[in-house]
Each structure stands twice: as C-alpha cells, then as structure tokens.
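Listed after this line are the structures, all set down as structure tokens.
Next come two complexes built around chain A: one with chain B, the other with chain C.
And then the complex of A and B:
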C-alpha cells in the first residue's frame, strides 16, 4: 500500500468516526465533518450540473445537431437544436428573480411549467404504471376449483389481498365520517397498513444494519488492518 | 479420361452447390405509436429454411446503391426492429439467407420506407379514457364546490389539525420552525402537496411572527418554496418579516442534505419540525434528530417504505393520501375540494370494479365448465375484464 492510499484511508476513517460521534452529542468534530460533507457534495453537484447537464446535454448536443443540419441538411437535427432553446430560455427566466423585483415575477413561468409538467406526467404515469396494473393484480377469484390444499391457500391469499386493498382504500376515503360500517372497514384497513409498515420497518432496519456492518468492516479491516500492514512493510 | 472424371465424382463426397431460395413476403413498415426512429421488418421463412444457417438484414439509401449490414442472426429469425433510423429519411431493405456452404439468397428489395414520430399512441387509449373520466369527475365536483363548499364534508385528519397548534407551540417557546420538503423534485406530487402545507404553515408563522427555516435539497424546489413563503407573508400583511436567507439551498446529495439539516436542527433548536414531502433513507435520521432537540414533529410522505420510521419517531404522521388531501383540508378552496372529492369517487369506482370482477371470477370457478375449453361464460368474462385492465 502506498502512502497516498494510507492517507486516503485515514481521511475516510476520521470522517466516518467524526460523523458517528454525533451518536454521543453535537461536537466540533461532527460539525467539521458535516460542513466538509455538505460543502463537497454541493460543489460536486455544481460541477456535475455544469459538466453533464449544461455542457454535455445542452451545449454539445446543440452544436452537434446544428452541425448535422448545416453539413448534412438534417431537418431532425434542426428541430432537436431548436427544441434545446426552450429549456435554455426557461433556465434563464429562472434567474430573473435575482435581477430585481420588477422582472422577478417572470421566474414563476418556468416554475409553473415544471409543476404543470410534473402533474401531467404524474397523472398519466400513475394511471398507466400504478393504478391499472395494481387493480389488475388485485382481482382474483375467491375460490379456486378443484378443491385442494394449495387451491385453498390461493383462495385465502386472494381473499386477504382483496380485503386489504378494499379496506385500505376505504381508510383513505375522506368524504364520509369513519363511523358505522365505513368505520369498521377503515379500522380493518389501518390494521393492514400497520402490518405492512411493520414488515417494511423490519426489512429496512436489516438493510441499515448491513450498512453499519459495512462501515465497521471498513474501520476494522481496511483502516486498522491497512495501517498495520503499512507499518509492517516499512 | 471421361471414365476417370466420372469415377472421381462417384467416389468422392463432392456435391454441386444447390441454389437457395430467399425469404418471402418481406414487409417493412414504420413502427406505429412510437416517437420515431424505428422501422419494423418481418418476413416468411425461406422454402429452404432447413438449410439456412445465417440471416442478414441489410439497409441502403438507394435500391441500386450500397447496402449496409444491420444485423446477423445465427438462429431462425423472422422479424427485426431497426431502431437506428433517422426520421423522414428514405430507406431500402433486404434480407439475405446463407447456407452452410456460403450460398447466398437475397430477398426482394423493399422501399422506400421512412420512420416518423406519431402524435398519438392509440395503444394508450384506455389511459386517456380513464384520465378524461377522472378529469370530468374532478371538474364536476369543483363546480359543485364553487356553489357551496360547506356541503363538502372531509373527515378529520389528526396530523393536519395539529399544524396551527404546532406553530403556536414554537411561538410560545420563542423558537423557530423548521420545514423540510424532503429530497423530491418539483415534478413529484408529494413535493407539490408539501408546498400547499407550507403555504398554511408560513401564513401562521407570519401571523405569530415566528421565524421559519426551510433547508432545501433541490434549487428549483427552493425557488418554489421562497415564492410560497413570500406570498404567504405578503398575504398576511407582514412582508417585512420574510427572510429569503431562511429558505436556503443545502446540497443535492441525499446524506449530505441529511447531515446539513441535522446540523441546522442542532444549532437552531426549532420548537416544531415539519417533514413533509418525498423522503427516503434519510427519514429516520431527520426524525430522530428532531426528537432529540425536543421539537414537536409532524411528518408526511407518500413513500410507503419510510412511513414506518415516521410513525416510530414523529408525533403526528400523514400517510400518503392524507398528505395529498392536506391542501383541500386546510384551505377548503373549491379547486382542491373538487379534486379530493373526485379522487374519492374514483376510489369507490375502483372498489366496485375489484369486487365485481372478483365475484365474476369466483362464480366462474364454482359453475360447471365446458370439458373441452375448461371455461364458462363467467370465467371468460373474468379473463376478458382482467386482460383489459392489464393491456395498457
């Protein structure tokens, strides 16, 4: 292992311990690591946006499409190049809020455009990608013939799924008070919701524990082990 | 000599090269319902298909010009999608088959064909119908709501009832409010719903003269949050209290954002923390830190995997749909109320569809079936309806 590698390991290990020190309480070491982390990630985001969004997806794309039109007469190249002007203008309009209050209101246009776009995509995407497939997957016969143990369990599974989906939908029904029959069904719905949350909680906690193990493995094996190896090699 | 030549042919394994028949019925057409850039090819097998070992698809710009090899198949293949076309450029296609001994047979040349983008995807007609029906329900309910909103009942949502109290608590303690919109973007419905809750929180904060701190993950969401808070402060008649520096960008990195917001919580020690929007793995880190500084926490997200953590660590939690219902519940403006009521009607329709089609399937399983097809009228209907829902 080279000295540069060892130095990198020590920086990573020190920052890991500094972040973990938050478990005790807020302290200068944590503050330092936090500011380094936030600063580095914000700087990375700016570089990423400049390089991969503005340069690659906007400037280079515009140039290549325009060249395709000028050199080969490609009309699709011209269309692509002209289309890129729209997001450019919207991006510039977003900056008007820093010019002054007189034209600052123009920055609301790209915001409105983005919100409209999100809502439009959300509705069609939601219907096509989530709603219809989920309704289709929920619909199953409540009885499967001929009678057998496996078919009985399939029928019980279908019944539970339909009961769970219908009662959960009723829980999220806001137009009637949850009393009487609706109250009973919505109570069943919240039980289903809580059971699914419990399962999700357990699964996610296990995933977090594996992340912690990964970090502890880094500290013990790579950091301490690497340092010992380096000293022995001297 | 003749005898020797004949002997050579009879004694050796030599077989003369047999002609090979090309593929037939080559059909080349633009791909329907796509965004352009693709042409579909299909063909019928060569009458000598048993001998064919290689299929080649070739493309050219002129029928009598040079043809370029697009793809080679070593297994029997009868269709291919050319996804490398430039829209509105004329292409000519042919398919070649080759046998083991290298005999080549070329199909007829088909063309010119062009690819082009299509304005409508007719395959998604069901989505359009459902979206139009949903829009119609919402519009009708908005019209009803415009006449009289008092008749529009919405059940109690505990988390939303606590908003005013939570803002008041921070005011009494002389501490600021911290509002996080999560790590979603402005195109996420949860972020939009969160902005409508922010409007209410900011209005109350302005009324009570309480500082509101909003660290952001996305610069565009930050701009929308600044607009929302500024508007709320102006509406309340306190534009002087609005501080743009309190609605700030932190970083676009998930855990960088979590570390930054945690730091702000520890230093500002807010009396109330709102975590409303799209949250992922950072949810518990934020909720635990809010709890550790003694803040009352009201969380809400549509991310089902994160809701358990909010339930465990927060005082009040809005579950998915409750977050979306917030704007109607808080403001009771006709547009929002109409949307919520339309959504409720859609839920009832979905429940009816699920129950009805499942009952069809159940009766279909119970009734006797045709011995040959193993179906009956009800089971056929069940399959048809289920297929219809999954087709698009």
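And then the complex of A and C:
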C-alpha cells in the first residue's frame, strides 16, 4: 500500500467516525465532516459535468462537426455544429440572472425551454414508460384451473394484484365521498397501502443496515487491518 | 416579452416533443435524443449558478463573522480544493477521473474515493438509526393500519436477514400476541383475536419447524409481500402519479400552469 492510500484510509476512517459521532449528538466533528461533504460533492459534480457534458457533448462534438465541414465539406457537419450553438446560447441566457433583475428575466427563456421539454416528455414518457407497462403488467390471467397443473397460488396473487391496484386507485379518488361501496373499496386500498409502506420501510431499513455493516467492516478490516499490514511491510 | 415569449417557448417545446414522438423519420426521429443532450448542456450551465449561490452564501457568512462561520471556511476549502484537484488531474491526464488502479490514481479520484464515497455511504448508513427511532414513534401499533405496517415491515426485514431468523420470528410472534391481547381488552375484540391467533400460529410454527426450514420460508414470504401486496399498492400509486403528471404537463403546455415564471 502506497503512502497516499494509507493517508486516504486514515482520512476516510476519520470522516466515517466523525459522521457516526452524530449518534451521540450534534458536535463539531460531525459538522466539520458534513461541510466537507457539501464542498467536495459540489466540486465533484461541477468537474464531472464539465468533463462529461460540456467537453464531450458540447466542445468535442462542435469541434468534430466543424472539422468534418472544413475538411470534407460535410453540410450536415456544419448544421450539427450550428445547432449546438442553440443550447450554448440558452445556457448563457440562464446566466443573465447574475447581472440583475433588469435583464435577469431573460433567464425565463431557457427555463421555459426545459419546462416545455419536461412537460412534453412527461406526456409521452409517462404514458409509454409508466402508465401502459404498469396497466399491462396488472392484466394477468385471473383464473387458473387447478387441474391444468398451473400454479394456483399465482392466480391468487393475480387476483390480489388487481384488487390492490384498483382499491389503491379508488382510495386516491377524491371526487366522490368515500361512503358505501367506494368507502369499502378505499378501506381495502388503505390496507394494501399500509402493507406496501411497511414493506418498503423494511426493505429500506435493511439496505441502510447493510450500508452500516459495510462501514463497520471498513473500519475494522480495511482501516485497522490495512494500517497493521502497512506497518508490517515497513 | 417577459411572460409571452416563455409561454410560447414552453408551448412549442411541449407540442414538438409530443408530435415528434409519433414521427420516427429524420429529423424528428432523433429529436428527443438531441433535446436530452441540449438539456444536459443547459444543466451544465445551471451548475455554475449553483456554484455561485453556494460560494456567495458561505462568503457572506465568513465576512459577517456569523456563528459557525468556521464551517463555511471548511466548505469553501473543500470546494476549491476539490475543484483544483480536478483541474490539475484533468490537465495532467486528459481526464479528471484518472484511475489505472487504486495504487495509481489522480488526485481528483483520490478525493472521490477516500473522501466522497466514505462520507456518502456513512451518511446513508446513519439513516438506519434515524429510521429506527422514527419507526419507534410512528409504528406504535395503536391502530389496525399501523399494526399492518409494522408487521409487513418486520416480515420483510426477517426475510432479508442472513442470520437470526428464528429469534426474530419468535419476537414477531410475541409482539403479535401482545398486540392481540391489547386490542382484545381495549377496543376491538375481533381484531384482537385475529392478531393473537396469527401470533400464536406463528410461534407454534417457529417452535415446531426446524430452524433451517424457517430460514428457507422467510425469504419466500418476504418475496411474496414485495411482489404482490407491495407491488399492487405501488402500482396503483404509480398509475395515479403518472395520470397526475400527464395532466400537469398538459396544463403547463397550454399555459394554464405558470408558477415556473414567478421565480425571476
């Protein structure tokens, strides 16, 4: 192990303990680690975006298309290069907020562009990507003959699935009062919702616990074990 | 100009995105992909606004010598230190995320690997404790619904355990019996009998069956809960949310919903 990595190991271990120290109570060590996290994360995403968006998708694309036009006379290359100027201009317009309210309102144009884009994608993506596949997955065979050798338990599951989806939807239907038949179905819906929330909660807890085990493993095995290995190797 | 142009842009973009979805031929075929690239480029510029806001906020705190301004210095040092590491590595290797092996990494990747990753996973790991304490407050089985929530959560947790399944199942059985007795004597005798019976049945099953069998059944129960009742309610919520999102998108495109214009 190199010295840089040993240093990294100690930094990582110190920061891990600093964050875990919050379990006792809010303290300066935790606050220090928290603020380091904010600074490092912000810088990481800025550098990541600069490299993988601005350089690869904007500058390199613009350069290669312009070169294709200049060297081979490719008209499509010129068009592609010119088209890339549009998001650049929109991006610069977004920065007019820095100048002040006099021309800051121009930043509404790129915002409107992204909102329109998101709204359009929300319709097509929402219907094609979520709504139809979810409805399709719900429509399963409701009756399986026990003599056909098929899994009867699967048919029970399909019935419960239909009941769960419809009753959950009815629970969130507020245009009519939840009385009578709608009241009964929405009551079934809340039962499904409660089981769903509980299951989701249980799964989240287990995921977090596994992360915690990972951090404890890091402290015991990698930090202490790695340091001992480093000292022995000297 | 201030309101009409953004409304026209929103309308045109929204309609274009919907129309091009139905036209697979060029230039419309690749329109959505192109727009997503433009969107990420715009996002890159927006990050500069975020950076400006973060730096201004912390500089103000330092200059005004607010309480805890030392932590603002920590934030700014981490921010500019990481930015410097990224720029130096980028200039040296042509990419900021230089990673040949853990022994040969650029300084930016070093910061990512030894500072950002441990901090991120420890913060998320910390949530295990907060979720547990929140659960204690929220899950006190006061009502039938809360009890259902708690039982589903415990069954899923038991199903995901790699060890200690039998004691956990026994604890659940004891809990169910206790909840049943409470419910029987306090408010709902029928529910009390149901909970109590399930608890007793679970306890008997755990005692009769060998531990290996219990450890085999528990993940199956967990899988069934996740794939049937959990999925059913989740699907219902997803369908409802998507219908709402589509309706909201139509309102935005038609200019009925204009709250996004009020930020500047």
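The criterion applied here is as follows: the second predicted complex is superposed on the first by the 222 of 234 C-alpha atoms of A that agree within 3 Å, B and C clash if a C-alpha of one lies under 4 Å from a C-alpha of the other, contacts with A are read in each partner's own complex, and residues count from 1 in each chain.
Heads up, the rule we're going with is that a residue touches a chain if its C-beta (ideal position, glycine included) is under 8 Å from a C-beta of that chain, and two chains touch if they have at least 3 such contacts.
The shown structure was predicted, so the numbers you read here are calculated from the model rather than taken from an experiment.
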item	value
Touching partner for A:122 - first (chain B), second (chain C), both, neither	both
Larger contact residue set on chain A - chain B or chain C	C
Partner chain in contact with A:51 - chain B first, chain C second, else both or neither	second
Which of chain B and chain C A:175 touches, first, second, both or neither	first
First (chain B), second (chain C), both or neither touched by A:142	first
First, second, both or neither for A:64, with chain B first and chain C second	neither
Which of chain B and chain C A:90 touches, first, second, both or neither	second
First, second, both or neither for A:38, with chain B first and chain C second	both
Partner chain(s) touched by A:76 [first = chain B, second = chain C, both, neither]	first
Touched partner set for A:196, first chain B, second chain C, both or neither	both
Intersection of the chain A residues that touch chain B with those that touch chain C	19, 22, 31, 33-35, 37-38, 40-42, 44-45, 94, 97, 107-108, 111, 114-115, 117-119, 121-124, 127-128, 131, 135, 138, 162, 165-166, 169, 172, 193, 196-198, 200-201, 204, 208
For the chain A and chain B complex, residues of the former touching the latter	19, 22, 26, 31, 33-35, 37-38, 40-42, 44-45, 74-76, 94, 97, 107-108, 111, 114-115, 117-119, 121-124, 127-128, 131-133, 135-136, 138-145, 158, 162, 165-166, 169-170, 172-178, 193, 196-198, 200-201, 204, 208
Touch list for chain A against partner chain C, complex	1-2, 4-5, 7-9, 11-13, 15-16, 19-20, 22-23, 31-51, 53-54, 57-58, 83-84, 86-88, 90-92, 94-95, 97-98, 101, 104-105, 107-124, 126-128, 130-131, 134-135, 137-138, 157, 160-169, 171-172, 189-206, 208-209, 211-212, 214-215, 218
Contact set on chain B toward chain A in their complex	86-88, 124, 126-127, 130-131, 134, 153-155, 157, 185-189, 192, 220, 223-224, 226-227, 249-253, 255-257, 259-260, 262-263, 266-267, 281, 304-305, 307-309, 311-312, 319-322, 325, 329, 340-341, 344, 347-348, 350-351, 353-355, 357-359, 361-362, 364-366, 382, 385-386, 389-390, 392
Of chain C, residues touching chain A in the complex	2, 5-7, 9-18, 21, 32, 34-35, 37-52, 54, 68, 71-72, 74-83, 86-87, 90, 95-97, 102-103, 108, 110-129, 131-132, 135, 145-146, 148-157, 160-161, 224-240, 242-243, 245-246, 248-250, 252-253, 260-261, 263-264
